[in-house]
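Some structures to go through are shown next.
What follows is chain A paired twice: with chain B in the first complex and chain C in the second.
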Partner chain A sequence: MRPTFDPFVIPFVASMTFVLAYCIIGMIRIVFQLPKEDRRKFLRSLITPKIFWKNIKDLFGDSLFHVKIWKRKPLLGYMHSAIAFGWFMIIVVGHFETVALSPLKDMHLPLWEKLMSNLYMPIFFRYFAVEAPTLNAHIFAFLMDFFLLVIISGIVIAVVKKKRPRKVGLKRVTKFGLKEDLVRISLWTIFPLRFLAEASMANISGGSFLTKFIGFDLLFGGHYSETLSYILWWAYSTDLAIFMTLLPFSRYMHIPAEAFLILLRNAGLKTTEPRKGYAVAEIYSCPSCGLCIDVCPMSEVKENYRNTAVYFIRNIRKGKRRRDVKHKTEICLMCGKCIEVCPLGIDSLKIKMAQREKTYYKIKSDFEYLSQQTTDNRQQTVNKADKVVYFAGCMSHLTPKITRAMTKIFEYANENYEFLDKEGSICCGRPMMLTGKKEEAKALIEKNTEMIKKSGAKRLVLSCPICYRVFKEEYNLEGIEILHHTQYINELIEKERIDVDRSDKRYVYHDPCELGRVFGVYDEPRNIIDNIGLLTQGKSDKDMAVCCGGSIASLTMTKEERDEITKNAIKDLTLNHPEEIVTACPLCLKTFARFAPIKVKDIAEIVEENIVEN
Partner chain B sequence: MTPSYDNTYTMKERNVLIIGGGPAGMEAAHQLKQLGFNPIIVERNDKLGGHLAQWDRLFPTSETAEGLLERLKENIKDVEVRLNSRITNIEKNAETFHVTLSNNKNFDVDAVVICTGFDLFNAEKKQEYGYGIYDRVITNAELEEYFKTHNDKRIDEPQRIGFVHCVGSRDIKVNNTYCSKVCCATALKQACEIKDEFPDADVYCFYMDLRMFGKGYEDLYLKAQKDFDIKCVRGRVCEVSENIEGKLVIKAEDTLLGTPMKMTLDLLVLMCGMEKSKGADEIQKMLNIESNKDGFIENLGAFVGMNKTKEKGVFVAGACTSPKTLPDTIAEARSTAMEVYHYLCNN
Partner chain C sequence: MIDFGFSISKSSHIQMDDVDLKTFKKLEALNPDINTCMSCGLCTATCSAGNFTDVSFRKIILMLQRGKDKEALQKVKRCMMCGKCMMICSRGINTRNILLSITRLYNEEEK
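Entry: the complex of A and B
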């Protein structure tokens, strides 16, 4: 008969209790930090069947398998799934094994002892168990060995990733301090130690191909040493205890936090405060994997890789000096690539925006001109039913080739349109939003809304993706369809309201961040170009398109830093020797024009150039 | 060591290649010829004079460009000039340079003077000013051409005329952070001239600063305001559009009054600044000479080394190293001739 308790389980039990308590208190705190409305939404979501099933699906798909990593970097996907899912299965199968075969099963113990033993028994089962000659026991032993092997294979990749990031498809990985190194090493050693401990007494407790045949028979030469085995069990438990104790203070906090984040996200919550509620769940869910480093345009300038999302989140989490957080908040171009690659979809941009709202920027705003603004009344008389209102925005007014092309396209299509801001624009409000000045932005938004509604049009066409975003997100234009001109022109071509000539001119298309990543308008511009010429590929496009460097979202980036990003983006775009660069944003256009060796045009320009007069 | 130039008897056989037949090239050739060398001017166009040949009158004295050009030409009538020629290769041998021209002719020279000058900034790069989009937006060069020929349909009894200073100069957004030096005075000169032609017109100059640094420039500024009623507005034009009648609508800011302004114009003149001549790129490649941060040819320092480059025997004169006025260019061409003289006598 083996014992049912040994002091070596104490470090594990203590640390596990601590982690559980820490996580529960943390969750309760976050729930209480949520705005009242959000809290109600969250609690309701937990009992809504549809969301409940989505939660289950996402917990498996996102936090155990990390489907998103598999899609981009299969090797890293395997690494994560091997460790996370393997560990999960060891816990689950371990519990079933305990239930089925535990030596305590038939004993009459006090309730608390039973509870405590339930905590450690599955983890250290092989120490307490004696090999049973049943089929059940063999199946369990095989499964446990199999998942142990899976985990160890994942750890091997993790070691390679750390030492040679390029081997797993990464240029740069996040850099860590001593504490993180210690936690990582304790994690890496948990399962090799478990293997050794189990293997060392596999002659007594049984095992399968890994622990018994490879471990006990080959590694230990079929020899059993009670002292060595006991030391190994202590080492395994202590190692687990080190990992568990440090977990809440390390990046491995993402393990419990991301499960919680998935619940909050599926409840439809978003960041409203930079250091409270949802944002905290996101911050603790960041595993510091560093996938965002390579894709961030700021990493183009080597020293600036520390401005990337992973370091920003780490700064906030550590409660770093205000200055560091402020710097990273303000320099960001908000192109959104980091969210796109983030295995958890952590929206650090929303945290940054919330942070900006908290900062006081000394900007004097003078909105006197709003009262003087009038619409072009000449066209008010036309039939309103099928009317389109065109809002060019201030950036398009600085690129008159776009507005000219658009007016010509409207005329060719025989459109019943009104050029709302022909005589001068009111800002859409996005620049104000980006400096956190929501109130000021509201004044602009209201005035524009009033003018657009007054026009009576049912459709609004915009030339600037920056405007497009704020119109879509912040304006209340019920009953009015909001279109970017790429969508509008594509519709004109598809409905054969305009006719274009096709040549074999080679174009490359640059996806503006706010049109592409934010709203997924990828196909319309490509479809238009397909009708006009040959679309060549750049190095990366669509959701991985590089920011042009001109983004108005960065408040502090220097010209030199922006220039590097622009030059790099041009290099990517001209990879396959296009004759012209086509984009759909007046700001991208102006930014590229400074360095591009070939012509840069807006999509409206190339349409207008190739239009066939009827 | 005082150089002893006993070897002047060999000078006649000493060839100096002068790249570019503008004012700098012509003046350098003239001086070198007088010093006894054999300068050879290679010019890609079919006539001498560079940009000078396109101007009408010169600031601040309003003397004709043609008069100056004739004098410069007169000085070099004995100099060998190869027009319509491009340099296809320059090869440096020990002390000489072997030059090949586009017509396959080749010869050896002992020194090279680069006088490739400047190109005017391409105003289409500043789309917001509408050049190439709106008919009535023209450049300083086109206005000068108009003064010469009086043949430009776009200039038709304009009632309101605007001049935009610093187009492509002191503008980080087009990567040109330097001042082009000549545009302030040119703008005021042209403003006075157009006012002379259309006395009823209102003429506005939109400037950042007026850099009236040269002899007689400040007087030109005072004269423009007092005698010609030119209105100088401190502030940049930010946006140009066209209204339904085809007139230009500009938006600007009067930074002295701190107010935004909107104005309708019949004609807008863009004062395009200078950029290094594109032709210089090939020459620099052949001679292994780099560009400075402004994109012009790098010379050896701002003071005594201004006529030299890091390559021995290769000299520079005129606007190829930085924007320059005509008096500066001519003075520099003369000093470069002296440097060539010292170099050849010591060799």
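Entry: the complex of A and C
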């Protein structure tokens, strides 16, 4: 008869209790930090059947398997799934095994002892169990060995990833301090120690192919030593205790935090405060995997890799170094690639926006002069019913070839249109919001809304993706269809309202961040180019397109740093020797035009050039 | 006074010894590129707000350099932050960040 308790379980039980308590208190704190409405929304989501099933699906798909990593980097996907899902299965199967075969099963114990034993028994089962000759026991032993092997294979990849990032397809991995190293090493050694401990006494407790045959027979030579085995069990438990105790203070906090984040996200919550509520859940969920480092346009300049999302989140989490947080908040180009690639979908940009809103400006804006601007002097003769309003936006006025091309296209299509801001436009408000002056931007938004509503149009065509975003997100233009000119022109071509000539000129298309990643307008511009010439591929496109470097979202980035990003983006785009670069954003156009070795054109221009007059 | 059909305008002479440039020095330290401005006027020509009113980045810099803070701030307040001046600037000055720094550093009440 084996004992049912041994002092070596104490470190594990104590640390496990600590972690559970820490996580529960943390969760309650986050829920209380949420704005009242969000809290109600969250609690209601927990009992809504539809969201409940989505939660279950996401918990498995995202936090155990990490489907998103599989899609981008299969090897890393395997690594994560092996460790996360393997560990999960060891816990689950371990519990079933304990329920089925536990030596405590038929004993009458006081309640608290039963509870305690429930906590440690599945973890140290093999120490307390005696090999049973039943089929059940063999199946359990096989499953446990199988998942242990899966985890160990995952850890091998993790070690390779740490030592030689390029072998697994990464250029850079996040750099860590001493504490994180200690936690990581304790995690890596948990399962090898478990294997050794289980193997060392496989003759008594039984085991399967891994622990019994490879472990006990080959590694230990079939020899059982009680002291060695006992030391190994102590080592296993202590190692677990080190990991569990440090977990809340390390990046491995993402294990519990991520599950909670999925629940919050499925409830439809968003960041409103940079260091409260939802943002805290996101910050603790960041596993510091560093996938965002390689994709960030800023890390093209080697010294700037520390401006990336992972380091920003780490700075916020540490709570100190306000200057670093401020710097990283203000230099970001907000291209959104880091969100696209993040396995957890952590929206660090929303945190940065919330952080920017906290900036205190002594001098407030004054847009009194706008109210004197009249919009009445426009000709109101055109029929309002099918009228299209064209709002070029201030950036497009910097590149008049876009507005010229657009007016021609309108005329060719015989469109009943009005060029709303022909005499110079009022800014859409997005640049103002990006500096954190959300309230002050409202004056601009109101003025533009008033102008558009007054025109009585049912459709609004925009040339600038920055305007497009803010019109869609912040403006209240009910009943008016908002289109970017790529969508509008595509519609004209599809409905055969304009005809274009097809040549075999080679084009490459650059996806503007705000049009592509934010609204997923990928197909329309490609469709247009397909009708005009040959579309070639750059190095990366669609959701992985590189920012042009001109983004107005960055407040502090210097010209030199911007130029590096621009040159790099051009290098990527001209990979397959296109004859012209085509884009759909006046800002990208202007930025590229300075450095591009070939012509850069807006999509409206190439349509206008190739239009066939009927 | 006899009306000659013309008059002598008020002197625009500025006594630089009396001007308090303490805040401007702070601004300079934060944005060293401010002094590379050569007043070419590209920013003024492209300015979105300048279309409707007298905002001009070039003038703001000149006024601040000469201690005419109040007039400069009057212009700064009307900026829409669209960033066109930054894109067009022939000296690559981060004009937008300078304007933001001004709104952080300067006080309206003083002077």
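Simple rule for what comes next: the second predicted complex is superposed on the first by the 603 of 614 C-alpha atoms of A that agree within 3 Å, B and C clash if a C-alpha of one lies under 4 Å from a C-alpha of the other, contacts with A are read in each partner's own complex, and residues count from 1 in each chain.
We adopt the following convention: contacts are C-beta pairs under 8 Å (C-beta built on N, C-alpha and C of every residue); 3 or more make two chains touch, one makes a residue touch a chain.
Computed from a predicted structure; not experimentally measured.
Student: Put the two structures on top of each other at chain A: do chain B and chain C fit, or clash?
Tutor: clash
Student: Of the partners chain B and chain C, which touch A:559 in the superposed model: first, second, both, neither?
Tutor: Once the two structures are laid over each other on A, A:559 reaches both partners.
Student: Touch check for A:404: first (chain B), second (chain C), both, or neither?
Tutor: first
Student: Taking the superposition as given, does A:426 touch the first partner, chain B, the second, chain C, both, or neither?
Tutor: In the superposition, A:426 contacts chain C only.
Student: Of chain B and chain C, which one touches more of chain A's residues?
Tutor: C
Student: Just checking: does A:86 make contact with chain B only, chain C only, both, or neither of them? Give me first, second, both or neither.
Tutor: So A:86 meets neither chain B nor chain C here.
Student: Could you tell me if A:593 is touching chain B, chain C, both of them or neither one (first, second, both, neither)?
Tutor: Touch partner of A:593: chain B, not chain C.
Student: Residues on chain A in contact with chain B in one complex and with chain C in the other?
Tutor: In the superposed arrangement, which is not itself an observed complex, chain A uses residues 369, 397-398, 423-424, 559, 590 for both chain B and chain C.
Student: Under the definition above, what is the set of chain A residues touching chain C in their complex?
Tutor: 359-367, 369-370, 373, 394-395, 397-398, 423-427, 431-432, 434-435, 437, 444, 550, 552, 555-560, 587, 590-591
Student: Using the touch definition up top, name the residues of chain C that touch chain A in the complex.
Tutor: Contacts found on chain C: 33, 46, 48-49, 51-53, 73, 76-84, 86-88, 92-94, 96-97, 100, 102-108.
Student: Write out the stretch or stretches of chain A touching chain B in their complex.
Tutor: 369, 397-401, 403-404, 422-424, 559, 590, 593-595
Student: For chain B, which residues count as touching chain A in their complex?
Tutor: Listed in rising order, the residues of chain B that touch chain A are 125, 127-128, 130, 133-134, 172-175, 238-241, 249, 251, 260, 262.
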